[in-house]
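Pasting the structures here.
The two complexes that follow have subunit A in common; it is paired with subunit B in the first and with subunit C in the second.
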Partner chain A sequence: MTRKEILVKLRHVMKQASQEHIDWNTVIEDATIESLGFDSLSMLDLIYDIQQEFDIEFEAEELVSINRVSEMVTFLEKNTSP
Partner chain B sequence: MSKSINRKRVVVTGMGSVNPLGMNVDALWQNMLAGKCGIVPLTSIDLTDYKVKIGAQVNRTELAAALEGIKVRPSDRAVDMALLASSQALADACIMTDEPSDIGTLFGTGVGCSESLYNANTRFAERGVRGLRPTSVPRCMANAISSQISMKFKLTGPNYVLVSACSSATSAIGTAFRMIQDGHASTILCGGSDSPFDPLVFGAWDSLGVMSKNADPTTACRPFDANRDGCILGEGAGALLMESLEHASERNAHIHAELCGYGESSDAGHMTRPSQDGQVRAIRGAVASAGIELGEIGFINAHGTATRTNDECESGSIRAAMAEHADRILIASNKSFFGHMLGASGVAESIVVIEGLKAGIVPQNLNLDDPDPACRINLVADSAEKIDAPVALKNSFGFGGGNAVLVWRRWES
Partner chain C sequence: MKRIRHLIEYAFARLGLAIIDALSYERARAMGIRLADAWFSVDKRRRKTSINNILKTGIVSTAQDAERIALESFRHFACVMIESLKSRELLDEQACGNEIKFDFPNEFKAALADPGQGIILASGHLGSWEAAAQLISRSKPVVGITRDLNNPYTNRLMQKRKPSGDFRLTPKHSADTSRFLETLKKGEILGFMIDQHARDRGMMIDFFGLPAATHTAIALLHLVTGAPIYFGHCKRGAARAFELKVTGPIVRKASGNRTEDIKSILEDLNRLLESAIRNNPEQYLWAHRRWR
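Moving on to the complex of A and B:
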């Protein structure tokens, strides 16, 4: 997947997990995870949803301290590449 | 234990309630004065194979709207209701929560986050271990209730949950009382929360056989009545902001009532059958810790579950502990109004006691049409009674033999 494709898919997963009333199509890579409505608990749920949607396995701790969408995209880019 | 002159006095300066009778303290109290019963046919789960199909359920639509008002995303009903009650209590006490404060958080629960546990079990049954979310642990642990409150309102003091079945909230309030009394904390948010209305927990209670088989919601729960045949479960939460009198005075807080005594004991006998000996020790311990005379007590808010065993045993305990005052002191149970809220019952009923002390009113025993001769106590009949005495007791007795009793005093400003 390209970085852009990952971001589009990630926005969709985040929208399902967050339930925040924001325009997810406008979320940029520089956005912080906290600004998108995720706290320590819902962040864990998001990680699970990412594992399911991207069909990858990793330990929750690998993503739990990430601060920005860009870091998440980079992580997924690295872990979904063939 | 005698009351030490070095101990601090403890007062309530904030109250919050999420109850089948309404979404705040005033709604609860006004509906009780109106004689309204909050027990209804249960709609939240499929009860096709269940013997009991009624309960005291919090209005789901109103709860969802209220949670949105405090920016809480629904997660688990016990947590959600505790957060809402806490928000109300903190606001009532004029405690700002935009900055961290050293307030403690002590809550009681009987079944804990059972909705989350049921959801995790369901996913495990459907999809195996890969179906389990990483949030299963932090969502299912019983102390998610106090943890979520602590995080939401930035309360940095001690934070934990007490579990002692139906006496849980009373134990939490009593423990908070002692911590403030002895100077370990100046302010604690305490209370309880429980929701037994998931298919598994309610099914377990259905199987236990202690719930009434009467299908009529408004007459099924009949504490101390000769024709009672069991309890009716309820759900809800309550929160009390308690602080030392000196701390409340320093910040000119409005005081609702004083908590002046707490007693507890264990039956150390049977898992589900209560013991008069254990209950009497808890009542006497509470009275002794308050340093009051029995003549000051105007009424007792009974545990009063409406099971055959509890009400007869509790009546005997009250008579033994109150001695010659037993014929004078008014006794009422609130469970015919809003069911047995398990680990939250002690705080919901304490709120009723506090409102009663303020108004000089003891609400009636709904459905007490034919008082059981085996319950030889001075029961409030079919209408509320006026009282003038300044002190009231709140009894809570749990499965497992835990007994907890609070002594409340009207606040004279």
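Moving on to the complex of A and C:
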């Protein structure tokens, strides 16, 4: 998957897990995870959805320490590459 | 005005603790039961909530039976408080006269013995939950989640009292995801009380056949980490007799349907808690508003 494809898919997954009403198509890589309304509970929802949608296994705490969307995309780029 | 009220409450709390500290466990327990009887007579709101909750569940059908269970429940709660405040004396491994029975499945024993295996332990406000956590923490550290008291002075006072064993409490407000994950990663036990009202962030799950807002974090943590969930509770027999029973594990593979996966785990947990309560209704905290 390209970085752009990952970002598009990630926006979709975030929309499912978040409680916030945001125009998710406008979320840029520079956005912080906190600014998108993820708290401790919705973060667990997000981890579940990422594991399922991207079909990858990872240690949940690796994702929790991430602050920005760009870092999350990089993380997924690394973990989804064959 | 609020500060004055807090200071008055704090003074009473200090006095109460000083009296409890000066008494033996048996005497403190007897005093607690007498106070519970008085509290049951005076606190109409909680008495009514308890009786209504008991009748709602269908455990008994008459108001008279429900009132009897409610009174026992108040006395039981007083005993839980005394056990908590006197835990270092009561649960001391060298203490005389303690009769503690453990009923653990082999998988749980193996998980306790494995230093790298994190465990999610579900329980409810049933039996001697404080004693249970402290007893299990002799085998593996236990982290429980607690809510700070509204009174900051009393809160600080209570936090200074150290429980026995390797049992730590994490305030609910700072119980972020990374703390939960870190506890499991370190091979410790993360304890959850599954019968707390989850307000608008929970999932409606049947509890005694009635929908109750239930916290989802316990199920999600299992699904994303794979740490096994066990259900445990501790029945109190005589004053120093405890019977700790653990069942499980509950293990689920994520199916891709988050809502259904969570629901299925929480339904199992609520059923286990329900069944344990039916066997011991007098030792459940009926005074809290589980169904709102």
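Everything that follows uses one rule, which is that the second predicted complex is superposed on the first by the 82 of 82 C-alpha atoms of A that agree within 3 Å, B and C clash if a C-alpha of one lies under 4 Å from a C-alpha of the other, contacts with A are read in each partner's own complex, and residues count from 1 in each chain.
Keep this in mind: contacts are C-beta pairs under 8 Å (C-beta built on N, C-alpha and C of every residue); 3 or more make two chains touch, one makes a residue touch a chain.
The structure displayed is predicted, hence computed values, not measured ones.
By the touch criterion defined above, A:N25 reaches neither subunit B nor subunit C. In the superposition on chain A, A:L41 contacts both subunit B and subunit C.
After overlaying the two complexes on the shared chain, residue contacts for A:S81 are found with neither subunit B nor subunit C.
Residue by residue along subunit A, subunit B and subunit C are tallied for touches, and C comes out ahead.
Judged by the touch definition given at the top, the superposed model places A:S65 against subunit C, while subunit B stays out of reach. Look at A:T2: by the touch rule set out above, it reaches neither subunit B nor subunit C.
According to the touch criterion, the shared surface of subunit A, contacted by subunit B in one complex and subunit C in the other, consists of residues 40-41, 44-45, 47-48, 60.
By the touch criterion stated above, subunit B contacts subunit A in their complex at residues 73, 75, 133-135, 138-139, 151. On subunit C, the positions that touch subunit A within their shared complex are 175-178, 180-182, 185, 201, 216-217, 220-221, 223-225, 254, 256, 258, 261.
Subunit A contributes residues 40-41, 43-45, 47-49, 51-52, 59-61, 64-65 to its touches with subunit C in the complex.
Taken in their complex, subunit A has these residues touching subunit B: 19, 39-42, 44-45, 47-48, 60.
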